[in-house]
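Notes follow the structure.
Labels run A, B, C and D following the written order; every chain starts at residue 1.
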Amino acid sequence: MALLIKNGTIVTSTDSWKSDIYCEQGVIQRIAPSIEPPEGTSATVVDATGTFVFPGFIDPHVHIYLPFMGTFAKDDHTSASVAALVGGTTTLIEMICPSRQEEPLEALEVWQSKALGKSACDYTFHLGVTRMDDEVADQLRQAVERGIASFKIFLAYKGALGIDDTELYRTLNLAKSMGVIVTAHCENETAIYEKQQELLAVRKTGPQYHEPSRPTLVEAEGVHHLMTFAELTGAHVYVVHTSCDEALQAALAARYRGVHVWIETVVPHLVLDNTYAEREAFEGAKYVMSPPLRDKRHQHILWNAIRSRLVSTVATDHAPFDFSGQKTIGRDDFTKIPNGIPSVENRVDLLYTYGVVPGRIDLQTLVDAASTQAARLFGLYPRKGTIQVGSDADLVVFDPDWQGTISAETQAMRVDYSAFEGWPLQGRPSLVAVRGDVQVRDGKFVGRTDHGQMLCREPTHF
Amino acid sequence: MALLIKNGTIVTSTDSWKSDIYCEQGVIQRIAPSIEPPEGTSATVVDATGTFVFPGFIDPHVHIYLPFMGTFAKDDHTSASVAALVGGTTTLIEMICPSRQEEPLEALEVWQSKALGKSACDYTFHLGVTRMDDEVADQLRQAVERGIASFKIFLAYKGALGIDDTELYRTLNLAKSMGVIVTAHCENETAIYEKQQELLAVRKTGPQYHEPSRPTLVEAEGVHHLMTFAELTGAHVYVVHTSCDEALQAALAARYRGVHVWIETVVPHLVLDNTYAEREAFEGAKYVMSPPLRDKRHQHILWNAIRSRLVSTVATDHAPFDFSGQKTIGRDDFTKIPNGIPSVENRVDLLYTYGVVPGRIDLQTLVDAASTQAARLFGLYPRKGTIQVGSDADLVVFDPDWQGTISAETQAMRVDYSAFEGWPLQGRPSLVAVRGDVQVRDGKFVGRTDHGQMLCREPTHF
Amino acid sequence: MALLIKNGTIVTSTDSWKSDIYCEQGVIQRIAPSIEPPEGTSATVVDATGTFVFPGFIDPHVHIYLPFMGTFAKDDHTSASVAALVGGTTTLIEMICPSRQEEPLEALEVWQSKALGKSACDYTFHLGVTRMDDEVADQLRQAVERGIASFKIFLAYKGALGIDDTELYRTLNLAKSMGVIVTAHCENETAIYEKQQELLAVRKTGPQYHEPSRPTLVEAEGVHHLMTFAELTGAHVYVVHTSCDEALQAALAARYRGVHVWIETVVPHLVLDNTYAEREAFEGAKYVMSPPLRDKRHQHILWNAIRSRLVSTVATDHAPFDFSGQKTIGRDDFTKIPNGIPSVENRVDLLYTYGVVPGRIDLQTLVDAASTQAARLFGLYPRKGTIQVGSDADLVVFDPDWQGTISAETQAMRVDYSAFEGWPLQGRPSLVAVRGDVQVRDGKFVGRTDHGQMLCREPTHF
Amino acid sequence: MALLIKNGTIVTSTDSWKSDIYCEQGVIQRIAPSIEPPEGTSATVVDATGTFVFPGFIDPHVHIYLPFMGTFAKDDHTSASVAALVGGTTTLIEMICPSRQEEPLEALEVWQSKALGKSACDYTFHLGVTRMDDEVADQLRQAVERGIASFKIFLAYKGALGIDDTELYRTLNLAKSMGVIVTAHCENETAIYEKQQELLAVRKTGPQYHEPSRPTLVEAEGVHHLMTFAELTGAHVYVVHTSCDEALQAALAARYRGVHVWIETVVPHLVLDNTYAEREAFEGAKYVMSPPLRDKRHQHILWNAIRSRLVSTVATDHAPFDFSGQKTIGRDDFTKIPNGIPSVENRVDLLYTYGVVPGRIDLQTLVDAASTQAARLFGLYPRKGTIQVGSDADLVVFDPDWQGTISAETQAMRVDYSAFEGWPLQGRPSLVAVRGDVQVRDGKFVGRTDHGQMLCREPTHF
């Protein structure tokens, strides 16, 4: 069915103007000042007066199917995608995290099977490279042919997901040869392990010790290390969830000397700080993620880097574990707390309320960081990430006047707490369309949970 | 008359796609895959098959009317604008350089009168602030009301154009209060003067001593100084003709800590180095500009900074003095050589041949640096700087297959030499339109020399 | 009379060992494990068992005769020198601060006449250069011949003491030609003035606004500026009272690229922070000095820089104004508060109690920073600054077991408050000798107030 | 027998003065202006008029017993120590490089047995830690009790000497707990291996490809990595043979933030550059060491860092392999060329001729960098490294007027080439004493080849 959005203010990463948008067959067909629905068609007509019309937002860093120490993250693709949509996100890029023993193609199939027919929004994957040899290289080449144009590596999580330097070098070389970008979790794995043991040995077992077990210099070390290997190989790399001044500076110094590096930060690091992890009654466990929440001083630096577009993207690293029954596994040992702060539903709202409203970033930067750059970097542009004739009709009608509050009780994420419980919001997506189909109306999911498609992507550089 | 450009590949700062463009009344009316001229109109139809269609390029830093030590720069607005157009530049931003004695509004009127009816392309001005007091402030406010939304200051040229720290602080404060950006020539004036005297005292009088008289640390000092004052006042600033690693790093360090700073480099610094100024038989004088041409190592750094969009714009600092009769004034004293390397005609060609062809930058970055960012920063966007419905039909049809050579004999600039004599070129603007009128065809000016309009601009931030 | 110090632990900037010291005619004659007084001489014999024997400390940055807005600093040379001695300091280097109108030689004579016959400890001067022309240059040359081997310049205090860039360049050039080091107060004068006016305009008049009126970037700007001029001229420079991370980094970056720069910090910046200036009932005025007290985070950086000998010296910038009647002049306008935190008496005690005792620095670094480096940099070494045969018998017997408290009531400085009122001390100079004469015994001044000599110094580099 | 050196100018790391020195029982007994030999003793009297008397120099980084790919370095302890003495070096610190399979104590015994009775100068060892587990830790503790107060680790030489991150962390922790300093070879091993394979794969097999196989960023990565682990553990670390700007900056940035790090450079990096490794006819192989010789621009940076005492020590990394028969092993594969540039004999001469004579460093800095700092850092001070009463009578009488030439034909090192063949020298050690015994006279070895003692050392920090 056709969709006609009238009288809104379109905002892209570069422009902002009043215009109508007409969509048909899932695609934007016309953008013009005053469009009437073609005769003989029955179009859904939306009056967007007083609202912003954004391109569908893209979250380039989420976990949904996530086995962890015998348990699983709580969202399935249905709940996660519905939460994403309610929050204005129309495309998810999920991390495939095979163990070292698993074959990459097998893992790809597992993850694809989990998502197939169960996602309300579109999706694709970063394929985790947790081992590298000739056999793996072959499979990675096949995966790229199947439309997976980005890899994910871990310098952290020793013995589990982490790769060694030889694997790192070869993964980057392989990626470079195919034009595939490599996303990387950058923390020095050994340093963390040793710090953890030291803390536990002196009975520092609470969630407040998570941050001291992986201080900023450990993250900066990881980034610096990746930068060296990226410079040696010429690969394109993307540092996920950059949380601090030191790590950011390591990446920017490399960019200055010619390294092809892009930087992601995630919304929890922008609005939460390490004092949350110190909350009493084990409440702090709700705020355990890696890299950890940092001292508040880093927030200003991250916001400024988004504003000046030194940081390219804002993602979530969504990893939804319940507080009761899951986070509590680590009650006596912070290293056992499942990592993650669920936020796929809150990202855009938080960026708007705590970024745009107080003037830290402007609307175009919001779109750039939360949509356009992810599309560009990961081979989705201009199908996604912008509002152009020919682009997918992924559209968010955002009502800046709405006021509300975040609460676990009302959230769509299938998790028993919100890290932002009670936080006021200004503005929200009132209507969200995915390829022309209205999936969210008046802030409520009203669509089909099997509407989402897997997106095949091309390599982005040569 | 209408203009229809068919079958070209449109390139903007963010996108690239095949499409036709239809223009009428000076404005882009439609962009669509296959447009036929409306019946009953007589449109000029251009077949752009195999070419790129760029938005008209903008040179945000030129000098045309330029009195200098009793002589004048050789171009008038006609010759300069024709040269610009032949080189693909459809908008010029000229520096108004009043002496300390002149009133700003008077200077504005002088410069406007020089250009009025004599420019083949559109134009506007940065208004030089070479003195600051209450009276000047009043006049600057009036100038902004008249559409002059940017100032120019000099930290160099002591006693002539340079302002002192109190004037600097107050100029930035005033600009901030009006949302006006301040462009700045950053070199420490005193250091240069003293170095010059030292060199002349030991008979180092040739053009090769121009660079040693204003080494990179003198430029870095100027930038650092401006950054301090920009941080204290919150003003938006723009560093012109950044020539070296050290100056660039000073600006980027400031950006990282929150200063609103943008960076310009100019095309001579990208392709020429200080060995040119050492050429025998006083040939070196042709290569005297300020900041001076630097060691070759800086070129790589500048190109990389353009590629990664740390540098926003590439301008020319066009200042056309003849070799014979003008540059030669300084035969016995390099401090008397009129400064400037004429290049308004060559900028886009050089960026394409020496930037795009060898892969240093891509096409979109070319458009961004040579057009879009200047439009954005100086209040011309989206009228200029992009290809959108509603934008001025300033369009460059660029033939990437053309091959030729730069020569003073064939150039449009009214100056007796070319700094790039004999350099091969790959590609050139074959057709250039200004507000829908074809001004250049087959690389030749074919239009009206009074077609250009003065552009009124709004302040860009608040 | 001879002096024999037995059984102490001698500490120099590089060594520490148990030895006796025998002095005669004002000079150290022998250092050996077990010395008996020569027969026939009557020597004062001091049992230094359990104590450290340090070389007399040198404070290279004090103000004594200091006219200020119609009033004068409260110490005269007698009270200041007695306070210095009680605190273990045996040599003072006083700043001569002529106004722009005064002639340097005249100023030198004024300051010399104030000190002559009235100082209990030895002394010399840094000669302020507050104007520079050929006449001044001549006089400076004469001053150097008279034994004044260091200059002082101000980048701050516009219109009063500050010099402009031309004067700066020429002063450095002159100093370089004579091998004289130039000490410099580095804050950008104009930025401060403008900030002050802005704060006063919105009725921010209290002492807590002193720091915001001259933030760290203003000091860093001053240092960066000096570094540029030092690099251009090759002069040896010394940055006084460096208070913050940013300024320190500016100086160290310059040192790395070859600038001959040394760095001083002063004791108030090591132990006090900007919260002191926020104290109620105008108490904050006691803590007003320039550069101002900073955020506590800078203290750790300064201590570490002393420990790793990146900072060369710790001085005081002693400038003694009473709270009542003097500091109170600025009750309604912080810019009128006389600047200074009296501490000539407390420097060594504070460095020991708050530096050595908690392990921030070791004993040898205490000696290096508070004595040896000042002697080396300012042409007093090895006469002063070390314990060697042939050196002046300026000796401090320091009892590490003494415990006490700082109080204005018991201090020797002639000022009505102590910035460190009630602070506990661990250790103090129990006996202090100047050229072999015991001037302090049991922590009390017991000597002659006219014992001090003016020290003639040679230039230190060529 | 007693030794009396008369009329020389004594130079230490801090002082310089004319004095006589009287030594007995291997120790300096008196330093005074004019000493006559005690009656009844037969002292060797040396007239040192017109010469400098330096403390014996210490080379803290040499290889003597060095098995390498089935061959051995050519020097034994006799030839190496004689060469050292002729060159003014009276103490050697040799690297013990056990394989991963060897036990540390066993290795210590092997190395000690090689040296015992065969060294003409004094010596001690850095004990290589090439594996770390509880058993190794135990043995290291025992080694420290036997007087080995420093370890050596390799981040390079994967699979051979290199340790992994867990071993690194634990080695630093162990060292910290004992107050032992850890010296480290910092290059990322994996990056080098991969680069080597890439170069060999395209038949880049000559010695000129050694540098590109381990570029500066690989060394900087190693240093940055060590800095992170040193900061996490608080260990004292010492970066050996720092060759370049980037590595130096990584270490200095760490020092600024509080890391306890000291920096060594080696004499080949100060006077040779990478063009030497490009010499024809496989001559370049003579100049293969690791880190490799660098671009000439780094030399200026290293000299300046020595001058300003940012770099603590200048060693040699002496590793003597013949050109014919040894270096030539790598004729078809640069990775097989035995690494090393023999220079234990030339270090002081080169520092004097190419450092002191042209004014890059002064005499005291020569002593500091080539003697005193090594003594301090490695627990030999004040027994070695200075001229004081009670110190070992290791003395170098240096004739600054001697002129000569370096040549393999005349050298004492048992290797068939000199990297400095034909280089002119200004000045040389004319007489060298070890613990009072004259071992070198008129530049010739005249002493006993079994005079050297192993030096037991205490840990240096707590």
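In this section, contacts are C-beta pairs under 8 Å (C-beta built on N, C-alpha and C of every residue); 3 or more make two chains touch, one makes a residue touch a chain.
What you see is a predicted model; the values in this text were computed from it and never measured.
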_For chain A and chain D, chains touching each_ = none
*Among the chains, which is located farthest from chain C on the basis of C-alpha centroids?*
A
*Centre to centre, by mean C-alpha position, how many angstrom separate chain B and chain D?*
56
*Which integer distance in Å separates the CA centroid of chain C from that of chain D?*
39
_Based only on mean CA positions, could you tell me how far chain B sits from chain C in angstrom?_
52
*Indicate the residues of chain B shared as contacts by at least two other chains.*
none
*Write out all the pairs of touching chains, ordered by chain label.*
A-B, A-D, B-C, C-D
_chain A residues touching chain D - in the complex, by the definition given at the top_ = 164-166, 168-170, 173, 188-191, 193-195, 215, 217-218, 220-221, 224-225, 228-229, 231-232
*Mind listing the chain D positions that touch chain C in their complex?*
13-15, 17, 32, 249, 252, 255-258, 300-301, 304-305, 308-310, 382, 386, 388-389
